[in-house]
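Chain nomenclature is as follows: A, B and C, assigned in order of appearance, with residue numbering initiated at 1 for each chain independently.
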Amino acid sequence: MKRAGATLLVTVACVALLAPFLAPNPPERRFQNLLYAPPTRVYIRQGGFRAPYIYEWRMVSRLERSFRESRVRPVPLRWFSDGRFVTAEPDAGAPLLLLGADAYGRDVFARVVYGSRLSLALAAVAAMLALIVGAVIGAVAGYAGGRLDDLLSRVSEFVLVLPSMYVALALRAVMPLVLPPSTVFVMLALIFALFGWPIVARGVRAIIASERQREYTTAARAAGAGPIRVLRQLIPAARGYLTVQGSLLIPAFILAEATMSYVGLGFPDTTATWGTMLQDAANVTLIVDAPWILAPAVGIFAVVLAVNLIVQGTGRAPVQLEK
Amino acid sequence: MTVSRSRYLGAVITATLLVAGFLWWRSSSPSNSLGSNARVVPRRGGQLVASLRSDPRSFNRYVARDFTTDVVTLLTQDRLVRVNRSTFELEPRLAERWESSADGRTHTIHLRRGLAWSDGSPFSAADVLFSFDAVFDRRMESILASGLMVGGRPIRATSPDADTVVISFAGPSGPGIRLLDNLPIIPRHKLQPALAAGTLAKAWDTRTPPADLAGMGAFVLREYQPGQRLVLDRNPHYWRHAEGGTALPYLDRLVLEIVPDQNAELLRLQARAIDMTQDALRPEDFVAARRAEQQGALTMVELGVALDADAFWFCLKPDAKKTDPRFAFVQKPQFRQAISHAVDREEFAQTVFLGEAVPVWGPITSGNRQWFDPNVPRYPPDADKARGLLKEIGLEDRNGNGVVEDATGTEARFAVITQRGVSAYERGTTVLRERAARIGIALDIVPLEFGAMIQKMLASDYEAIYMKPISTDLDPAGNMDFWLSSGSAHIWNLEQKIPATEWEKRIDTLMLEQAASTDDRRRHELFNDVQRILAENLPVLYFAAPRTYSAHSTRVINVTPSVLRPPFLWNADLLAVTGVTNQPRASAP
Amino acid sequence: MIAFLIRRVLFAIVLVVFAASAALVLTRLAPGDVTSQLGPGATQAEIAATRARFALDRGPLAQWLSWAGRAARFDLGESFLYNRPVSPLVRSAALNTAVLAIVALVTATVLGLSCGVVTGSRHDTFAALIKAASFVSISIPPLLASLLLAFVAARTGWLPVGGMSSVNASEMSWGTWLSDVAWHLPLPVLALALPLAATFERLQSQSLAEAFQQPFVLAAVARGVPRTELILRHAWRVSLRAICGVYGIAIGALLSGSFVVEYVTAWPGLGRLMYEALRARDIYLVAGCAAMGSFFLALGTLAGDLLLAVVDPRVREADAT
């Protein structure tokens, strides 16, 4: 299971890294007459087998979002051309839309693979930060107990009580109007880490506080170990919690990026991210007609699954309990 | 234990899914598809549920102008005359007939006889006079006052007897009696004490018990559940009767549900939990509505071309842009004309409104039948001409980076702010940006939250904006704030002390003249001139106006659609529902 | 114990004051103010009057001082959007949210913990299905999830598509009204409870699996303790500590109201009120909602800490120091 999870995660990471290569079309390219177009069907048979080819989608009605395949001319697929793994012949006017097109006629597959970079990188960095800060603070609070524990717990509540939207809006006001993506990335990572650490800290605190009373801790203290050394013994008890919480923070941050974007603290509109793609998909009747716009949710699901499969490796129930 | 249990559970889950699927399939085709409602005779009785987005700010229309307050006032209060929102003709309401003096400055209005308020008290001219007193009262600071001024002075009202009111204007007025559509008549017997005490501005807030409210409208407020709904019952003393003699309104009860989310609202409409909404359908929802129509659940209604189109403009306030080197070329009309030539309005209509839109070149669209001028100068899509215009004012791409610069190297790059979350704006700015890029103008689109955008706009702290300014009146004389250079809604250069340009000065003169002229033909001539001047100088660019549609449940009949909001409730006394028996419901005490 | 409670209550007061003040100041700092709600036709006089009414013409500090002075007397100011005092508005919204929150909390706890116990102790297809459902729930943004649930409700007609009560609620007797509200609860409760249940399931699953590694559990297995008793009496209590740690936050967050769910399902609660207040920069209403929300958070974390002490006696000993 662990290996399956690791493989999946590595695959996702590779897809993200190789996005410009894997995407058949640029993610911002709009195909005027292909709004909400369904995925292009790839054929490999015409009489006998031949190289894969597609047909052009002709729009029947823009309002009804209906298309039909124009069988006039089969458009062959080109491999390793134009810096891309596979793409359709550029002049044929029939783009290869593996997952159809969105509301602006942009290639959903391309946007999902390009979007994975920003979304995953941001979520991973922010989750890392939140986990580290939260673990340290939580461990210190749980171990020290008494006044320090009180203080740190209350600090975490102060942070929790700050509504993130207000902070974001206030930040928006003081920032310049047009922000470079790197600034946005750093800012969002910091904001997410800021709002993410308290929940990590509380769980870690609870675990450490209970571990602290265990025999091995008192034994270590009796043997003269300093607090840091004892803490290092205790933290592995929280490892399972940290991994699960991390696996929960990642999708939360991917989705939270869309909320920040709503307030104006997101990446420029043309940039594809999983969160904003899902936010734009908020019209339910549209989803019924064009389910491919939910592709980013599948991406998030894959990441969540992968992380959980890896995480599950630790702490398996003993064999005697299974039948 | 484990194996058989999980098998058993698996079977249960599968069975549940099958049952759920079956129920879903059954319920997606409504069992009662009604045939055509064309010839169903409206009957008294029944209840209608309409949805609104937000709570009312007050029940006092004299101080609050939010949409919900406006709707509630339309339903519970009446006016002396009304502009029919479907035909745009003037109709008598509480007034029965009137005579006007030759110079159009004095009008003698004869009220209907024997009318009563919703609580039974008699209605008379005293109430009309009271309303005029209230709206111009200093302590009241009513928002309606500015709409009832002529020649800068308040309209005066006197009453020679209990059934007559004499209105006098301080000067000639183009709209004339139509101005009286802006004044809901409020009850003297309920509110006189508050006016005398100077607390009328706080009277009739949303905490007021419904029993303390009274109106001449078709309905009476029965209950307000904050955050949830307003329930209105038939006004038993309503003055109007249908042509056959039936006492109006037909409906026993009208419920206004508060549903904040537009997606959820549409779902409720399709599920027939509500009968109508107050917004036009978004283009992306047309298909779902048509499908529901084919299944017999909804009736789609074309409301007409929208009265307002999305607009794009640069900040043209010289004081705000003194130090901005780009202002030198932005303030030249050729710059804006080039952009107008760059945008293909047909493509715009296709992309932004999915084809359901008409190109426009000015603020008055063909939806405003009375004032629209089809001869407004147009800008056919012509990228070469656009580039030529830019070159004329010294903008060329000298360094080959795709963006034009002037001689000093200042790039034509701008940040365009727009409101976040409106799909039409998002699509519109995308098209605009791409088309502008083709002629070398770089536009960075920055969607902002509503409050942030408005603040920047009012402070003239922006480079360019893309949004839809709402006009408040069909008659241009009611929109002077937009046309006059000193106006608070003169969006590209708010509230100028003296007109910044020659053409703005010219528009000022023409608009003042048309507002004071009583000759309809002359007013049209003057206003057409104004529209032409605006289209030539293009301080604001317009691209396309959507054809608007709305939908209501098939059980609602006798609907009079209007392109103004609210599309159906403005004539709520004529609305009826099918399937009522002749038993009237027990109405409110 | 008493000292502990007193400390927490005092702290809660500080937290509430801090949260409300922070909200007040942050709303001041945010671009735009309440006058943008006046609409396009507002005159300068109207704008100035509204500004004065909400003390926006004075500096943030002056405004905060006068607000704090009145707040100490429990006068939280007036709301622009509703034209009425803030306190009753916030109280009734909080009540509506509390109803929703309590039901959602119970649902999520029961569902999440039981599913977590199952997935933590078994590794068959059934557990895999539950885990998959959890992952799906975590991967879908709350907006989409609420809309999808609303869509299902609309299509099938099983449940009302939003709202807290039916159209003729005012004419119902108490009993009918209660059942009417109960009929309107499942949609928002599901929208709220499913993601939370997924979180609980994940945490419970992990910590239960970890608990099985504890020596005393292995000893119990060796002693031949039957499976169910093993899980429930031995391993489970130990596995609850991490959940109790975050339970308080969950309580606080639920009671503060989820704006998305309340917005989509038209539930007249605190989350929706707070969001609308923020959108409109209705400054005193914002502060009032933040105060209420932080009160619930303090309450929630206190409840979580007490729960932790009940569940894990070792922690209680530590607190006694």
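Simple rule for what comes next: a contact is a pair of C-beta atoms (placed from the backbone, for glycine too) under 8 Å apart; a residue touches a chain by one contact, two chains touch by 3 or more.
These numbers were taken from a predicted model, which means no experiment stands behind them.
Of the two chain pairs examined here, A-B and A-C, the one linked by more C-beta pairs in contact is A-C.
Each chain's centre was taken as the mean of its CA atoms, and the one lying most distant from chain B is A. Averaged C-alpha coordinates put the centre of chain B at 37 Å from the centre of chain C.
Centre to centre, using the average C-alpha position, chain A and chain B are separated by 41 Å. Rounded to whole angstrom, the centroid-to-centroid distance between chain A and chain C, based on C-alpha atoms, equals 24 Å. In chain B, the positions touching at least two other chains are 2-3, 263, 267, 270, 448-449, 452.
Counting partner chains per residue, chain C shows two or more touched chains at residues 30-31, 122, 147, 150-151. Touching of two or more other chains is recorded for residues 169, 172-173, 282, 284-285 of chain A.
Interface residues of chain C, counted against chain A in their complex, comprise 7, 11, 15, 18-19, 22-23, 26-27, 29-31, 120-123, 131-132, 135-136, 138-144, 147-148, 150-151, 199, 202-203, 205-210, 212-213, 217-218, 221, 227, 230, 241-242, 244-246, 248-249, 252, 274-275, 278, 286, 290, 293-294, 297-298, 301, 304, 308, 312, 314-315, 317-319, 321. Taken in their complex, chain A has these residues touching chain B: 30, 32, 35, 62-65, 103-104, 169, 172-173, 177-178, 262-264, 268-269, 282-286, 289, 323.
In the complex of the two chains, the chain B residues touching chain A come out as 1-3, 263, 266-267, 270, 283-288, 290, 347, 350-351, 354-356, 415, 417, 420-421, 423, 426-427, 430, 434, 444-449, 452. Interface residues of chain B facing chain C in the complex, by the touch rule stated above, are 2-3, 5-6, 9-10, 13, 20, 23-24, 27-28, 47, 49, 54-55, 57-58, 64-66, 141, 143, 146, 205-207, 222-223, 225-229, 231, 255, 257-261, 263-264, 267-268, 270-271, 273, 448-456, 458, 469-470, 472, 481, 488-489. The touching residues of chain C, when paired with chain B in their complex, are 30-33, 36-46, 49, 80-84, 89, 92-93, 96, 122, 124-126, 129, 147, 150-158, 160-165, 167, 169-170, 263-266, 268-269, 272-273, 276, 279-281.
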